[in-house]
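Listed next: structures, encoded as structure tokens.
Each of the two complexes below includes chain A, the first together with chain B, the second together with chain C.
Up next, the complex of A and B:
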């Protein structure tokens, strides 16, 4: 009797969520895997089985490989930058004796801003290519010629726009994760270290703070890695338009969006194959980063 | 306690929940009461929505519900066509895939003796395998706007060849006013087709069975776009894109490639100091051109009322010429899709454009030119023009993709 009631309670709480997960996540993933083996132009119930043709197709498509390559480089740059800057911010804000809540909120606030809105502000106001754009005005004070930020390919100035908007949006969130982890490191460890004569700067950070942050570090690394490969919003809004997207700095998801769902020509089989390849790349990269951080211990 | 709840029990419950969720789907189903649902994308011009609702309300044959669709309308249509009876009538540009999968119905019988009155290239653009699938609603076109005062101040004449365009852009580029604007990607997306036409080439061959740019002249003409990019005379990074008159209106550029639809705003800003031109030709083997395209009214094959939907389309887009004229000309400048109506509209620049369309109008989005082939070509053009890649090799890759796509359509 008690056992039955416990089971009922369990299902009452877990059931809706589990059903949602099954229906809206696992079924679509399975369906996607099924579609990827068919020629599924404009249909979700395809009939023409093509085996692994779609996979061969995306894996030999230079545009897709380019986008995977570009975003591996992007991840290799944005992840360390984010970790260092957000950890730095966390250490500073955590140490500050007054108005800590204020500073925490100030740095966290951008996270509440939409990627789309921020991307448009960056593109149309801060880094607008006209002489009166904010960045160009600042350059003007130093006598530098105005730049077409988003439009310049050589040197690739568009990365300045894309990287700064992403950092502005996400640093606060990772800072909060680090602050939470910092506050969980027991104070007595620092006191013991001080008594043992450890110098309060680098030595304490290296042997007490950093090991205490390991859990948070792994979380930040993983989230960052997935986010880097799944980049879409700010890239699409800065570099894309209704007609298409330039062949550079094109995230894998933008590539899949245009090629698989693009106007009037849905190719769901190829899109599904690409999505699964991307999922595999993310999974492998995550495993790899997990392995590396474990070996460090 | 997790152990007592077996994996099987979990799946059964989850499965039941899933089934019940499926059962409550109400989004489909035809309109049993005979109401026709008519979809439009969200036109930017004020007044269009009111007008099309007014037309729908005036239809005597059935009740028509108009749905206005902001956002990514094209994708929404593609999704709806796969399995939904809604909309009955919608505007779009026909795609070969839709015809192959029998998602849209032929509309040849609606035209009757008015067929010859429609601009030929528009009908061609909505025709697949000899049958017409969309009734053109209006003509959208793009032209080269310029400021005669700025050109004459720099001592240049309005450009009639690609070289003259590059030269003019360089010479008027001064004092914060750039020479030419064709979008923040430097014209890659919007000028690819006009550049091909300027060299006497096209996306596809005349019969649509092969790519139309398998020719060394393609490398030459895209090299010209590279030259323009290197000239420093192109406006890049403007706050608005090519489709908006902003850059030209605000005096950021002396020439801009943009839609005819912007004529009213441009006129309000510069008065008589505007001129329009078709895209120039490369040399004597090419031709001046303007892209011609437009949404057409189409009928969903899954509609519960195909005949009623066809009758409504015939009434609105074939018979009611006063509505067609108002729709095309009263809200931003378009041209009516019929020559007899177009001839009566406009003065000054608009009149010139009627001539460009009749003489040099080319299909902007051929039904047999797929979005994947288009991406491959514009990628190549982007690398050539913006990054200085070697044209021949880039175009060879695009040709291969285009051939694969054409082969797929005929499989």
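Up next, the complex of A and C:
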């Protein structure tokens, strides 16, 4: 009797959420796995079974492999710069005696801005190709010719635009994580180190601060990796225009969007196969990064 | 000497971080107020409509997320039920699946429900955040049991204890989660881009993007629209910064 009542109470609290999770997470994944084995052009109830053809299609598609390459390049730029700069900001802000809240707010403010708005500012003003664009004005002071940032492939200047826009948007977020972690490092550790003759600066940073930030570093790296993998908004808005999307720099989600859901007709079987392959790749990457950071301990 | 260098670096960083906002204001509002008036009066731009849509979506989604996820988090933290560990495991497992990777599958489900270009399609699938449930559960695990027991002795049921004792003592945490959810909902782009195919249901981000990727974009108009679109969020930011910082710390450090 009592057990039955507890069950009822449990489902009263958890039931609505669990039902939604089932319908909007588990059912889609299962349905997708099913669709990925069918020819599903513009339909969610396909009849033509094609086995693993969709998977073969995706994995032999040059554009898909290119999208993984694009992600790798993007991650190689964005992850190290984000970690170093957000930690740098956190150290700068954490050390000042006054107006900490003001400085923290300034660096965190871009978090409130959407990728669409930021892409707009970057594309139309900061890195616009005209001579009066902000970046080109700065180049002009040093006598350098104006550049067509977004459209320049050789050298790939568009990466400057894509990386800086994401840095501006997310540095404050990661800075907050580092500040929280810094404030959890017990102050007496530093005092003990000074008494033992350690110089404040590199020595205490290397042997007290850095080990104290281990958890935060792993969190920042993992979140950064997952977020970079899912990059879509700034790519779509910076590189897309009325003629469509640029022929280069399509990360996985942009590839998936244009190849299975975009204007060229829906191919849900292939899109599902692509989504499942991507899910597998990110799961492996996350596991691997977890392994590596554990070994470092 | 190093102290001066410290402040110089800090000042430079502040200038770099504020520059994009300065540009936005200069090119948008700074131009003239008639541009802003155009924005609201030209029906073709869908600007007013999309602002209203975004407000509806963000408010409903935030409220729904907070209510559903806090209830689930509390149930998973406190109610002793034989199969609770299995349910908890099933919820946590979805944390490993990045939301954006499931966008094709979710699109399939939403379109077969007939929810394309429909508010239900925009709001409902985003309500079930496993991350929120996880955070609420962690918070409720640390909630003082004595308070809840006092409520039980007063004759309240678990449901009654939840609403009369637990929620009133958790407002700070609820606000932290709500602020994060609201900003996320207002700024989301990919999902509404897929679902709001009819311009009547565009959210503000989709409307801005269509202005940006249009043929010969009207630059002043674009910047004015962008400036107006971030006003609600800047307001939320200013009023609730304390909660925002707390929410970010919680979601970032425990959410992985």
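The working rule: the second predicted complex is superposed on the first by the 279 of 297 C-alpha atoms of A that agree within 3 Å, B and C clash if a C-alpha of one lies under 4 Å from a C-alpha of the other, contacts with A are read in each partner's own complex, and residues count from 1 in each chain.
As a working rule, a residue touches a chain if its C-beta (ideal position, glycine included) is under 8 Å from a C-beta of that chain, and two chains touch if they have at least 3 such contacts.
Predicted model only: the values in this text are computed from it and were never measured.
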| item | value |
| --- | --- |
| Partner chain(s) touched by A:62 [first = chain B, second = chain C, both, neither] | first |
| Which superposed partner A:7 touches (first chain B, second chain C, both, neither) | both |
| First, second, both or neither for A:246, with chain B first and chain C second | first |
| Partner chain(s) touched by A:124 [first = chain B, second = chain C, both, neither] | both |
| Dominant contact partner of chain A by residue count, chain C or chain B | C |
| First, second, both or neither for A:148, with chain B first and chain C second | first |
| Which of chain B and chain C A:83 touches, first, second, both or neither | neither |
| First (chain B), second (chain C), both or neither touched by A:44 | both |
| First (chain B), second (chain C), both or neither touched by A:163 | neither |
| First (chain B), second (chain C), both or neither touched by A:18 | both |
| Residues of chain A at both interfaces, chain B in one complex, chain C in the other | 3, 6-7, 10, 16, 18, 23, 27, 44, 124-125, 241-242, 261 |
| Residue ranges of chain B touching chain A (in the complex, touch as defined) | 1-2, 4-5, 10, 13-14, 17-18, 21, 72, 74-75, 77-79, 81-83, 92-93, 95, 97-98, 101, 103, 176, 183-186, 188-190, 235-239, 241, 243, 252, 370-372, 374-376, 378-379, 382-383, 386-388, 397 |
| Residue ranges of chain A in contact with chain B within the complex | 3, 6-7, 10-11, 15-16, 18-19, 22-23, 27, 41-44, 62-63, 124-125, 127-131, 133, 147-154, 241-244, 246-248, 258-259, 261-267 |
| Chain C residues within the chain A interface of the complex | 6, 9-10, 13-14, 17-21, 23-24, 27, 68-69, 71-72, 74-76, 79-82, 84, 87, 90-91, 94, 96-109, 111-112, 124-125, 127-128, 130, 133, 158-159, 162, 183, 186-187, 189-190, 193-194, 205, 208-209, 212-215, 217, 219, 222-223, 226, 229-230, 233-234, 236-237, 241, 244-245, 248-249, 252-253, 255-256 |
| Complex interface listing, chain A residues touching chain C | 3, 6-7, 9-10, 12-14, 16-18, 20-21, 23-29, 31-32, 35, 44-45, 89, 92-93, 95-96, 103-126, 134, 168, 172-174, 176-177, 180-181, 215-216, 218-220, 222-223, 226, 229-230, 232-233, 236-237, 240-242, 253, 256-257, 260-261, 268, 271-272, 274-275, 278-279, 282-283, 286 |
